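The chains carry the letters A, B, C and D, assigned in the order they are written, with residues numbered from 1 in each.
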Amino acid sequence: MSILINRETRVLVQGITGREGTFHTQQMLAYGTRVVAGVTPGKGGTTTLDVPVFDTVAEAVRQTGANASVIFVPQRFAPDAVLEALDAGLSLCVCITEGIPIQEMIRVVHFVRQSQVGGGGMRLIGPNCPGLISAGECKIGIMPGNIVQRGRVGVVSRSGTLTYEIVDSLSRAGLGETTCIGIGGDPILGSTFADILPLFEADPETEAVVLIGEIGGSDEEAAAEYIPRMTKPVIGFISGRTAPPGKRMGHAGAIVSGGRGTAQAKVEALTNAGVPVADTTSEIPGLVRQALRS
Amino acid sequence: MSILINRETRVLVQGITGREGTFHTQQMLAYGTRVVAGVTPGKGGTTTLDVPVFDTVAEAVRQTGANASVIFVPQRFAPDAVLEALDAGLSLCVCITEGIPIQEMIRVVHFVRQSQVGGGGMRLIGPNCPGLISAGECKIGIMPGNIVQRGRVGVVSRSGTLTYEIVDSLSRAGLGETTCIGIGGDPILGSTFADILPLFEADPETEAVVLIGEIGGSDEEAAAEYIPRMTKPVIGFISGRTAPPGKRMGHAGAIVSGGRGTAQAKVEALTNAGVPVADTTSEIPGLVRQALRS
Amino acid sequence: MKIHEYQAKQILARYGVPIPRGEAVTDADAAAEVARQLGSPVVVKAQVPVGGRGKAGGVKLARTPDEARAVAGQILGMSIKGIVVRKVLVEEAAQIAAEYYLGITVDRAARRNVVMVSAAGGMEIEEVAATTPEKIARVWIDPGIGLADFQIRQVCYAAGLEREAVASATRFLRALYDAYVANDAGLAEINPLVLTTSGSLIATDAKIDIDDNALYRHPELAAYKEESEDDPVEAEAHRRGLQFVRLEGDVGIIGNGAGLVMSTLDEVKRAGGAPANFLDIGGGAKADLVANALEVVLSNERVKGVLFNIFGGITRCDEVAKGILEAARRLSIRVPIVVRLTGTNEQEGRALLQGTKLIPAETMEQAAARIVALVRGGAA
Amino acid sequence: MKIHEYQAKQILARYGVPIPRGEAVTDADAAAEVARQLGSPVVVKAQVPVGGRGKAGGVKLARTPDEARAVAGQILGMSIKGIVVRKVLVEEAAQIAAEYYLGITVDRAARRNVVMVSAAGGMEIEEVAATTPEKIARVWIDPGIGLADFQIRQVCYAAGLEREAVASATRFLRALYDAYVANDAGLAEINPLVLTTSGSLIATDAKIDIDDNALYRHPELAAYKEESEDDPVEAEAHRRGLQFVRLEGDVGIIGNGAGLVMSTLDEVKRAGGAPANFLDIGGGAKADLVANALEVVLSNERVKGVLFNIFGGITRCDEVAKGILEAARRLSIRVPIVVRLTGTNEQEGRALLQGTKLIPAETMEQAAARIVALVRGGAA
C-alpha cells in the first residue's frame, strides 16, 4: 500500500514538451510510472517519448483515462494549468512550478479546495514542490527515485533536497518508505501536513511518519493539533532554527502571525503533541526506530 | 404548516429606514410578522417603528437572533446586501429590489447556491419579487395580506400582481392557501420553480400547487421534469401566450434558448408532465378543485 | 439596450479586437469619401439594430468610391423591419478564407455566461445550431473564477478552428469577454470572425447588447442609448419611467405588473381583439404617472379603445382613478376606456370614476370582452 | 519587494487614497524648498524600508523651511538598522485628532487575504495586537467574491471608529484593497490613518510590499525594485538568479534547496560557527551558476571559510564540482572550502575535486564540524 498514487495511477504531464517536462517524464517512465498522456497546447496529435500529446487536458483525459497530472509549465501559465486539471475531473494534481504569485495561488487553492467539499474533487500537491513517490510503484515529480526504498515510513515535507537527505538516511538505515511527499515550500499550498497525515494514518503499510517542517507559516502547529488523534508515531524535524527573524514584514505580518511561525514555536507545538523532534537530520532514523519499538 | 416561513420566523429588514422599507415593515408588522431588527448602515442604535436598527446584518443577527431577511435597498446596493445576509448566516433572504444588473445576480446567486452545497446555507427568493406569505402566520415582502386565506393550495409564481389576482380567486373560491411565493421576474433568480416545488411536496398541509409561469427562460420546462415525481397535483398557468416573439436577441440568444422559452413550449412541457394548464386565470380555481377531487 | 454594429465595433476596438478600417456616415457623398480614403473595395452596411438586414438588401459591396456613393444612396432611407436606415458603415472588404462564430451570452438555465465558438460562422449560424448543434462548441463560465485561459483553448480546439488560427482566436475571445464583462453586456457576438486569405483574423460584424439595468454605471454608453431608440413613442414612454412595447393592434392596454399586463393582452386576444401595446405602470404608481401612461397610449393614432387593468397591492386604486381623471382633463379623449380596479382602495377608486364616461368592469375577462366589443362596435 | 514610503504613497494616490502634499528629496536645500512651497509645518521622514525609524530619529517635525533644511541635513546620511538614508520625504504635517490602523495582508493559515482595522493606530499597533487583540477588527476575503462592501462596513464598525469617520474610512479601505490587488502586494498598510482635527482622513504613513514572483507582470514597478535593493552584494546575487540573504557571521554557506541550506546553517551554528549568508543555488544549477555563487559569497570580506552542501537530485554533483573549480580559476581563493557532495553523479563530482585544495566531507554534520574547525583554527 501507499497513499495518493500507486501502480494504477494514470499520469498526464502538463507541459510535456518543455525541457523540464520532457526530462522528468523520462525519469518517471524509467521509474515505472504509467505516463499515459501529455498536454501542450498546439502540439496535439504529436508524441513525446512515445507518449501521446493533446491540446487540452479534457481531451487527454477523454482519450487516455488519465487520473493524475503533474505540472511543468512556466510560472505564468501554471495557475491556469491547475484549473484546467480541476475542470477535467482529475483526482490528483502535482504542481512542480515555482515562483507563482501568491494572489494567484490563493484563488486557485480556494477553487481546488471548494471541489473537495462533500467529498471527491481534486487534491493538489504543491506548487513549488518536488512531488511524490510511492516506493517501487509510482513517481510523480522530480524526486530522485534511487534514494527511495520500499519500507515502513511515510515522509511528508515542505522541503526538496532536505527531504532527499532524510529519505536517503531512512533508506540507508533499512527502514524504507511507503510514500514520500514534498508538499512544497510556498506560503499557500494545495495540501498541508494536516491534509496528508490522515492519509498515512489510514494506510495499513505505513507504521510511522516523518514530518519535515521549516520556519514560517503555521502548518506544523496545525499538524500538531491533529497528531494526538493518530495511532501511529510521528517524528518531526524543523529546519531554520537558527535563521534570523528576517527583515521586517510590516505590522500586518506580525499581527497575523501572532508569534507562530518561529522554529521554536513549531518545535514546542510538536513536542507538546508528543512528537519527538530531531535536532539534526542524522538523528531521525534512530528516533523512528525507537518509536516503532515502543 | 407552511413552507419557508411561519410564526417563528424572525425577520430582519435590510433598508428599513428607506421609504419602501418603512412602509412595508409597517405592513408586515400589521400582518403579525415578527420583525425583530432593521439594518441601515450609519443608523445603528436608532429604532424605526419600535424595531431596533443596526449598522450591519451580522450585528443585528447577534443581537436579535434574526434568521430571515428582506431587502428593500436600492438597485446598486442590493447585491451586496444579499451577500451580507449570506455571510451573516441567515437561512432565508427575500430580495424585493428590482433592476439589478444580470451579471451581478449571476455572481450573487452562484455564491448563494454554493452555500447550499451539502445542505444548509441560505435560500434566496428573488430578486424583483413580491416576497411570500404563509397564510395567517408570516408575511415577508410586499404582497397584500388581505387576499390570502388559510387553506390547502400552495402558490408559486414568477409574477407579482398576476399572482394577487390568482390568489384572490383561490381565496374567494374557498380553497385558500398554505404559502404563496413570488419567485421573481428576473432572468437569474435565487430560487426557481424546481427549487420550491419539493418544499410544497413535503408540506403536509399543502394539497395542491398552482404554478404561475410566463414566457422566457426555461424554469417551467425544468419544473415539468420534476413534477411527475410529485404525489400532489400541480395546476399551471402561463402568461404571455400572445406576446410577440420580441425584438431580435442576436444569434447567441437563439442558440442558447434552443426553442425553449415560448409560451407554447412551456404549456406543452407542463401538459406532458400531466399538469392541467388553465387558459385564463378564472379557470384556475375550478381546475384545482377538480384535481383535489380526483 | 441594442446598439449599432459600428458602436459595438468601437467598443471592441478599445479591448484590442481587430476590426476593419472604416467609418459610419449619414450621407452618400461621405460614403464615397470614406471609400476613397480606404482605397480598396468596401462593404456598405445599414446600421439598424435588427437582424436580417443582409436579406433585406442592407449590405452591399462596392468596388469604387462611385459605387459606394450609389449603394449608400440606395441603403440610406430604406426601411428594414420598420426601421428607417439613417447611417451606413463603410468599411474595407475582407478577403475571406473562412468564417467563424464567437459569442458570449447569458445561459439562464445554467445561470452562467456561456461562450460559444463555431467554425461554421456566418449568416446561417442559427441553422447550424438547430441542425448540427455539435458544431457549436460551448463552455460555461464559473462566476467565481471567470473565463479561464484553458476554457478558451478548449472551446477553440473543440470547435475545430484551423490549427493556425487558434492562437489568435484565443486572443479575440479574451478581448470579447473583457468587453462583455466591462460593459455589462448581455450579449457580445462576432459573426463572422473572418480568417482572411492572408491568414489573419478580423471581426467583420459585431453585436453587443447592454443590460439596461446596468446603464447607471456606464454613463459613457448614454450616447449610444439615445441612438438606439427608434420608436419615438417607446422612447417617450421609457423617459417617463414606463415599461412600454408597441404592438400592431388597436386596443391600448395599461396595467400594473408585467405578468398581469401580459395576461390582459392574452385575454384581449382571446376576446377577439388586438392589443396596440404593452404598458406596465409598475408598483405604487401615483396619479401623475397614470396620466402619463394614458397620454402615451393615446398618442398612438391606431388606438380605438383603452383597457385599464389594475390589481391594487402597493398601487392604490384611488391613485389610478385620479390619474385617469387628470389625463381626461388634459386631453380630449374620444375613445372608450374600460377600467377594472380591484384590491387596495378599490371602493374609493370606483367612487371617483362614478358619473364619468369611463366604463367600469368587475373582472379581467369581463373588461377584455367589453373593450373588444366597444372597439369592434366602433363606439363607446 | 519592499518599497519606500513615498513610493507606496505614489501608488496609493493613483487609487484615490488621500495623502499629504509633499515630495521626496535627496538634499537638505531641496527639503527647505519643498517646505517653503507647502507653506506649512512639515514632517521630514527618512526613506528606509525598515521599521523603527521614528525611534532611530529618522522622523522629525519642522516648523519653517530653515528648520526643514536643518533636520533633513541631520537625517540624510544617517544609518538606520544598517541602511544609509539617501532620501527624505518632506510633507505637510497633519493636525491629528485620532490615529487609525488599516492593513491588508495574506493570512497563510486561513489561505486568504485579511483586512484589519483598528481605532488604536499608530506606532504601538503591534503592542495592541499582543495585549488587546480584540481592538483589531478583521475580515477575511473570499477569493471568489473579493472584498465585499459589507465587509468593509463590518470591519470599520467593529473596530469602533468614530461614527462620522466610517463612511470615508470605507472609501479608504476600498482604495487600499484596489491598490493591494492591482499591484500584487503581499502587504498594504496605512498606519496611521489620521483623522484630522478638521474631520477629514489622510494617510500619513503607508507601506506596501510587492510579491517578487509577480513582478513580471508589473514592469512599471521595476524602477522601485532598483531602489529597494540596499545591499549591493544581495542585489548582485539576485541579479544572478541566486537566493541570497546576508547574515552576520564568517562561514559562507552554499547549497541547493532552501530547506537544505537552512539545515546547513543550523548545523554550522550547532558546531559553534556563525553563518555569513544563506545562499540557495536552486535546482539543476549549471557550473556557471555555481561559480557565480562562490564569487558572490567570497565578495563578502568577512568570510573566512565556505561550506558547500549539495544533495544531487536534478542538480548534478559533477556540475557543482566544475563550477567550484571554475571559480577557483577565476579568483584567488585564500579561505578553506569544505565540499559535501552526495546524490546524482557524486562519484564523478568527487573525482573532479581530487587533488585540489578543496576539502571533501561525507555528511552534512561532518562538513559543518570541519568548516567550523578550520575557520576557528584560522587556516585550511
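Everything that follows uses one rule, which is that a contact is a pair of C-beta atoms (placed from the backbone, for glycine too) under 8 Å apart; a residue touches a chain by one contact, two chains touch by 3 or more.
If you're wondering where the values come from, they're calculated on a predicted model, not measured in any experiment.
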{"item": "Chain pair with the higher count of C-beta pairs in contact (B-D, A-D)", "value": "A-D"}
{"item": "Euclidean distance of C-alpha centroids - subunit A vs subunit D, Å", "value": "28"}
{"item": "Distance from the mean Cα position of subunit D to that of subunit C, given in whole angstrom", "value": "56"}
{"item": "In subunit B, residues with contacts to at least two other chains", "value": "107, 111, 114"}
{"item": "Residues within subunit D bordering two or more other chains", "value": "142-145"}
{"item": "Chain contact topology (line, ring, star, complete or other)", "value": "complete"}
{"item": "List of subunit A residues in touch with subunit B within their complex", "value": "114, 117-118"}
{"item": "Residue numbers on subunit D that touch subunit B, as the complex places them", "value": "142, 144-145, 148-151, 153-154, 157, 163, 166-167"}
{"item": "Residue ranges of subunit B in contact with subunit D within the complex", "value": "41-42, 44, 55-59, 77, 80-81, 83-84, 87, 107, 111"}
{"item": "Complex interface listing, subunit C residues touching subunit B", "value": "2, 50-52, 101, 103-109, 111-114, 116, 125-126, 129-130, 133, 136, 142-144, 181, 184, 186-187, 189, 191, 207, 209, 211, 213-214, 216-217, 247-248, 255-260, 262-263, 265-267, 269-270, 275, 278, 283, 311-315, 342-344, 363-365"}
{"item": "Complex interface listing, subunit A residues touching subunit D", "value": "75-76, 99-104, 106-107, 109-111, 113-114, 130, 142-144, 147, 157-165, 168, 185, 187-188, 212, 214-218, 222, 239-244, 247-256, 258, 260, 279-282"}
